[in-house]
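Which chain is which? They are A, B, C, D and E, in the order written, and residues in each are numbered from 1.
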Amino acid sequence: MIFVFLLVLLMLIAAIAASIFKDLISAVIAAALVSLIAAILFYLLQAPDVAMAEAAIGAALVTVVFIIAIRRTKRFEE
Amino acid sequence: MSFLNHYIYYIGAFGLIFIGLYIVLVKHNLIKVIIGLSIMETGVNLFLISIGYIKGGTAPIFSTPEIEAARMVDPVPQALVLTAIVIGVAVLALALSLAIRLYQHYGTLNLRKIKEQRW
Amino acid sequence: MSLELLLIIAFGGAFLTYLLGKLSSGVRNFFAVFISCALAAIVAYLYGKPSEETFYLGFLGLPLLLRLNMLSWFFAIAIAVVGALSIIFSLSYMKGREKTDFYYLMMLLVNAGMLGIVLSGDLVSFYIFWEIMSWSAFLLISYNRGPALAAGMKYIIMSIVGSVAMLIGMLSLYANYGTLSISEVAPFVASASSGYILFILIVFSIAFGIKNAVLPFHTWLPDAHSEAPSPFSAVLSGILVRMGMYGFLLFFFVIVGSKLFLGLGRDNFHYILAWIGAINIVIPTFIAMLQNDSKRLLAWHGVGQGGYMVLGVALGTSLGVTGGTFHIVNHPSYIALLFLVVGAVEYRTKGIRDLNSLGGLIKRMPITFIGALVGACGLIGLPLTNGFVSKWLIYKSLILQGHPFLAFAALIGTWGTILSLYKFLHNMFLGQLPEKYRNVEKAPFNMQFPIIILSLIIILFGILPGIPLKVINSITTSFGLESLNINIWGIASETGALNTINIFAAILAVGLIVWLIFRAGPKAAPIAQDDNYAAGAYVPKEKYHYTVDFYNPLYRMISPYLRDFIDEFYMKLARGTQKLCGGIRHVYTGDVGHYVMYIVLFLASLIFVQIKWGIW
Amino acid sequence: MVNPVLLIAVPLGLAFAIPLFGFISQKLEKYIPPVAMLFNLIVSLSLIPKVLEQPIVVSIGGFPPPFCINLVAGPVGVLFSAIIALVGFLVSIYALDYIKEGATEKYHMLYLLLLTGATGVVLTGDIFNLFVFFEILCISSYALVAYLGNRAGIESAVKYLIQGAIGSSLVLIGVALLYGLFGTLNMADIARNIDSVSPISVFVPLVLLITGLGIEGAIFPLNAWLPDAHSSAPSSISAILSGIAIEVGIYAVARVIFTVFGASSIFLFLVLLGLLTLLVGEMSAFSQKNIKRLLAYSSIGQIGLIVFALGIATSYGVVGGLFQIISHSLSKALLFLAVGYMIYRTGSMDISTLDGMGKRMPFTSLAFTIGAFSLVGLPPFVGFPSKFLIVRAALAKEEVLFTVLIALVLLGTVIEGAYFFRVIQTLYFKGKRVSPNKREEAPIAALIPIGILMILIIVIGVYPRLVTDILNSAASELLNRIGYIKGVLG
Amino acid sequence: MRRIISILLLGIIALGITLSLAKIPFGTPKTKVGRYYIDKGVEETGATNIVTSVVVNYRAFDTLGEVTVLFIAAIGLGAVLTTGRRKKPERKIEPASLVLYTGCRFLFPLILLFGAYIFVHGHLTPGGGFQGGAIVASAFVLTYLGCRERRISERGSKLAESLGGLIFVIVGLVGLAVGGYFLMNFLPKGIPNFLFSAGIIPILYIVIGVKVGSELAGIIDNLIEESE
């Protein structure tokens, strides 16, 4: 149980970090971490299908898309 | 502590939703706002899945014959979340492509500066 | 001849005219005249054939009715005649101008709409035709571009306000009684509480008052009248505006009923209305006196004359209502005539309406002058014109009812009318002929024709008022008022005797004597215009001083008090609204953060309300 | 019997097939949307007589209703799908000639998918399915708003997307809460059980759904995306967004409030919200210089009127609101279509550049005039009967409050009249009396839909019986929850 | 200022949602629809993975919609990025290092195969069209990143996308024609736990997998195109 507690805490911290980072790449990585932890939580909640989808789509593909977009725009928040 | 025990997933889910909303409300940068939307999306998905969870349940897959049907978690929220994830990705991809075009036009992604369409 | 067919001819003819205009303008002109004259003929033929029919069932389960009775026939004939004459007048007036197809379409539509109003037997069709008339009139008022646009806007905004009021009143009746047929609604209204009747009457009075340009709602009229094309000004001032009077008559006497109407608000409602009418006579007439634009001057008289009608109708006695109603039909004859005169002058002088730069046209346009003279006499109410008869009836009833102040107000109005119309006549036709108008030709025949017809009508009804009075008497008796003893020369009742033959004879005799005196006296010799010297020096022609600044001393004296405060108030209101609207749209700041904030705010406030007060 | 699912499946299949047709011939692509919408129109119209007797409930996949997604082709659904198909058909004909630049193939696909999404929203009987179709509708409109790729279009699309995404998240949370509370997603099933849970718990999902759907439905504080999006999209898309998309949003809000929740205590709130929306929309439009923005604000005003009427929640009121939806769809589509080519000819959206259009494009100007008259509610156009019904409904309440409110509503109409008449004056009477410009009328592919819309506006305005039957039964469907539940679940 | 207001408002919303959540206790069974699927799912659809049976059979209409949403995103993104784009001269792309290149070439088919496995076995094991499709797409991402010159042919992906969608709809329509219900599972259900079972579910999942894969790959392709 404490494990879940820590995971959730970490997830929320990652989410807050995503909002704080000025470097958008870091923010995106933090968001990816959120997704990843969410995937683990999905797994813990007995939803393997969703966990797979979240990991493959939410954590991986979305991050790639974000990074491409950031490369084509601006890396740092003003 | 038992409260946390019961509601930790809800707390996590709504934590994500509100952090996401907060980012959208407060941040200036479009990419940041899109990140906020995606975090919000994840939060909603987590909430849906945790609604369907049953204490001590198993995944709704009859992979072996001896699995008890009565202990399976609800499959419907999982199906919904699958749909929601894909929809989320679709919105995100479109948003980012718009962000790229916006940057080409305005040279900035600061939403407080992009105010040509108003009044 | 069913009424339905009449309206089909009216509306179909309008659109057909438009289409024919695409072929050739000659065919179109002929057709337009033909349609409008045919309408007049049909309406005349329908005299004394009351009927009621359902013409349409498709509108939201409400049967739409048409009905013809004396009242509606009386208005219909006025509409048809004025419409036909103004169309004939338009033939030359509109020659060579742009969008003529459109112009004729709209003229005929306005006409058809007005016919529809007076023929409709239920309030929905009344409203529908009312609106058709309103928007087609808007398009015609805006026709002249330039300042006409502002005039059109003023007109249509007030007009929409009026129709909004009417819509509320009408649907309130419908919601309460489940019917809108005039004959069915009347008994219900008769048994309603007086508060509700007052509400209905006030709401409808706003609608009709705006159209009839009753005082607080008159501001659209001077602008609209002066900016519209002159033939349409004739229609507008002559008859379109008087649709409001039709509405008053309909509501006061047909739907509410005379007894109930007079007793409303502890007998005060009609009295207040009468005072509004009286104020409406005095102020606009004096404002008219100060105008230098010929059409504007007439327009203000249009407002003023409306006051007589309201005054007469609001008195609610047989004589008063008869006078008011007669005034309604007299008004189009002379005001349309005067507008047509202005139109003719405008046509020949290439659009000059400024009274200060005209003059002396009597020699160049004699028939037009005669028309103007007759029209002016009618408007003033001199004997032997129909205006005299109707005003006399109103005065008489005022005195009989014991309202000396109202009578005095009406009298003051007549003085103002005399002064201002003298200015009108003089500045246009008398005095020196400006050099540049030396070669002005007389008006073409199809302009003179309506002028002559209208002049004849004025004199005819002035000498033989019994013809229209008979019709009016049958209307007023149908209102439940007591019948007057009408003969061809006037009224023979004890209370309101009128005999035009005596007056005719007296005037003839006096006229003969005056003529003899003038004959006997020394004659004035005509002298060439430039044959004059000022202090021994020859005055160059371009420095001639014509009739500028009539009533200038008076103007200086009273003009500060005669500002149109109401109009200024409305303009202020409009500017305020504009500012407010400009402010409101700043909620759309362009900052998407704000927009998201609105969403969250909406959500949060709903939840807050629920938690705090538990609305659900 | 025609299965109503074809209304969704056929256009969807055709939309997927557009690239395949493109392999055959590039020219073929643009004729697919009109064909699909014509099909939908015919099917919807043929369904009307049956639907008037009883709603058609079909399940997808052949399982009994609460356990699968079902379509409810009641009077409301068929009415809306007919409107969507009609306007969609006409606008797609318009687009044949209007859309020449850019990735036209993609335009036509997105266009068809948008309409399919709208049809899905109005037909579905499942709340999550409603969400999915809503997303189809929204996402394709984001893309189409950005279609021109210019500064304004991209900026508006971004703003629209952010607000829309927030909205869909809120809807999803609401759906999740409903699922958590009732364990079902079928709207009828939820409606049946709604009273078994305490109001405060149900209120939150209700509010979330109203807010989320209300964003697309352009209710006042939620509609900030609308003026931007409607004014920056290509005119054909503005016509669809204004004539269909927001109406569908309102439909969704109404369905949630009326059928799912039966929330009769918030009707008054709805009325006030409608009034506020109306006044803000009309007042914002009043001093607007950009013609498309003016029309967009006017759409807000009209939506306010619709919400107002629905909030009255008597059968008169709902009939009036639905009638107003028809009237607004037709009129606003007509206005946007007419304005589209005017802007195309002048190259500017400034109202003052439209002077002399009456000469240059007489037919289009006439169309604009008729559309504007209809919106203002002048007879004999379609706006009049709808306004008539709404005012009647408000006055039939016989409460002083409603009399005051309807007076305020009509005040909004006065403002609307003021700015529309100003534009009409500009079209016909503004400017110098120049020698006749040469005619530059819109191409025939644009004139046909404009003409048909004009005819419809006049015909329905003169003969409202055409639609009152379906409107009456649609209103009773919306007001009669029990009937709906029985119809779906047996 | 904005922060304070935001936090305040979000707090109110959170309070409301908490009140609502009080009626949704965590971890207790509360659904009847889900129960029905678990009880009858295997029998009615033939899929042992109940989530799959819900996604592709009970709620297949949602899935059709969802596929459409992704399709819209793909073409919308194409439309947004292509309109008004200035044609740039083709820049020469420096080739990747040999090790990377070979590695990519080697991994590409393996990943593809893995993705295919996942969506083909969607009705038996966790996973399905979306997950498999995402993995297929990631294979393409890998080649973009690693090999740098490979592009999926636009024609091919277009074909895959639209054929995929079309087949989905046609399968549904065949169900309508055969059984009277759109998207009805009209094929024999087979024996649970076998690869060839569960009627139309594997067909639809393959279609979805191919379609999602090509769409996601197409999205990334479109995004990446100009940035190089």
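Here is the rule we go by: contacts are C-beta pairs under 8 Å (C-beta built on N, C-alpha and C of every residue); 3 or more make two chains touch, one makes a residue touch a chain.
No experiment lies behind these values; they were computed from the predicted model shown.
Visitor: Leaving subunit B out, what are the touching components among the remaining chains?
Guide: one piece
Visitor: Along the graph of touching chains, what's the shortest path length in steps from subunit A to subunit B?
Guide: The distance in steps between these two chains is 1.
Visitor: Going by the touch criterion at the top, tell me which pair is linked by more C-beta contacts: B-C or B-D.
Guide: B-D
Visitor: Specify the chain most distant from subunit E by Cα centroid.
Guide: Computed centres place C farthest from subunit E.
Visitor: Nearest chain to the global Cα centroid?
Guide: Central chain is D.
Visitor: Compared with subunit D, which chain's mean CA position is the farthest off?
Guide: Here the answer is chain C, farthest from subunit D.
Visitor: With centres defined as the mean C-alpha position, give me the subunit B-subunit D separation in Å.
Guide: Averaging C-alpha atoms per chain gives centres 29 Å apart.
Visitor: Between subunit B and subunit E, what distance separates the C-alpha centroids? Give it in angstrom.
Guide: 16
Visitor: When the C-alpha atoms of subunit C and subunit E are each averaged to a single point, how far apart are the two points in Å?
Guide: Distance between chain centres, rounded to whole Å: 73 Å.
Visitor: Counting in whole Å, what is the centre-to-centre distance of subunit A and subunit E, each centre being its mean C-alpha position?
Guide: Inter-chain centre distance comes to 19 Å.
Visitor: If you look at subunit D, which of its residues touch at least two other chains?
Guide: Those would be 128, 132, 135, 139, 142-143, 146, 149-150, 154, 157-159, 162, 166, 173, 179-180, 185, 200, 202-204, 207, 227, 284.
Visitor: Which residues of subunit B are in contact with two or more other chains?
Guide: In subunit B, residues 9, 20-22, 24-26, 28, 33, 50-53, 59-61, 76-78, 80, 82-83, 85-87, 89-91, 93-94, 96-101, 114, 116-119 touch at least two other chains, as defined above.
Visitor: Two-or-more-chain contact residues of subunit A, please, as numbers and ranges.
Guide: 47-50, 53, 57, 61, 65, 68-69, 72
Visitor: Who touches whom among the chains?
Guide: A-B, A-E, B-C, B-D, B-E, C-D, C-E, D-E
Visitor: Quick check on the complex: what are the subunit D residues that touch subunit B?
Guide: 128, 132, 135, 139, 142-143, 146, 149-152, 154-159, 161-162, 165-166, 168-169, 172-173, 175-176, 179-180, 185, 227-228, 231-232, 284
Visitor: Within the complex, which stretch of subunit E touches subunit A?
Guide: 49, 51-52, 118, 126-128, 130-131, 134-135, 137-138, 141, 216, 219-220, 223-224, 226-227
Visitor: Using the touch definition from the top, list the residues of subunit B that touch subunit E in their complex.
Guide: Subunit B reaches subunit E through residues 6-7, 9-10, 14, 18, 21-22, 25-26, 50-55, 59-63, 69, 72, 74-80, 82-83, 85-87, 89-91, 93-94, 96-98, 100-101.
Visitor: Could you pull out which subunit C residues touch subunit D in their complex?
Guide: 58-61, 98-99, 124, 127-128, 131-132, 134-135, 138-139, 142-145, 148-149, 152-153, 156-157, 160-161, 164, 167-168, 171-172, 174-176, 577-578, 580-582, 584-585, 587-588, 592, 594-596, 598-599, 601-603, 606-607, 610-611, 614-616
Visitor: What residues of subunit D sit close enough to touch subunit C in their complex?
Guide: Contacts found on subunit D: 158-159, 162-163, 166-167, 170, 199-200, 202-204, 206-208, 210-211, 214-215, 221-222, 224-225, 227, 263, 265-266, 269, 280, 283-284, 286-288, 297, 358, 373, 376, 378-380, 384-385, 387-389, 391-392, 395-396, 398, 403, 406-407, 410-411, 413-415, 417-418, 421-422, 424-425, 428-431, 433, 436, 462-465, 468.
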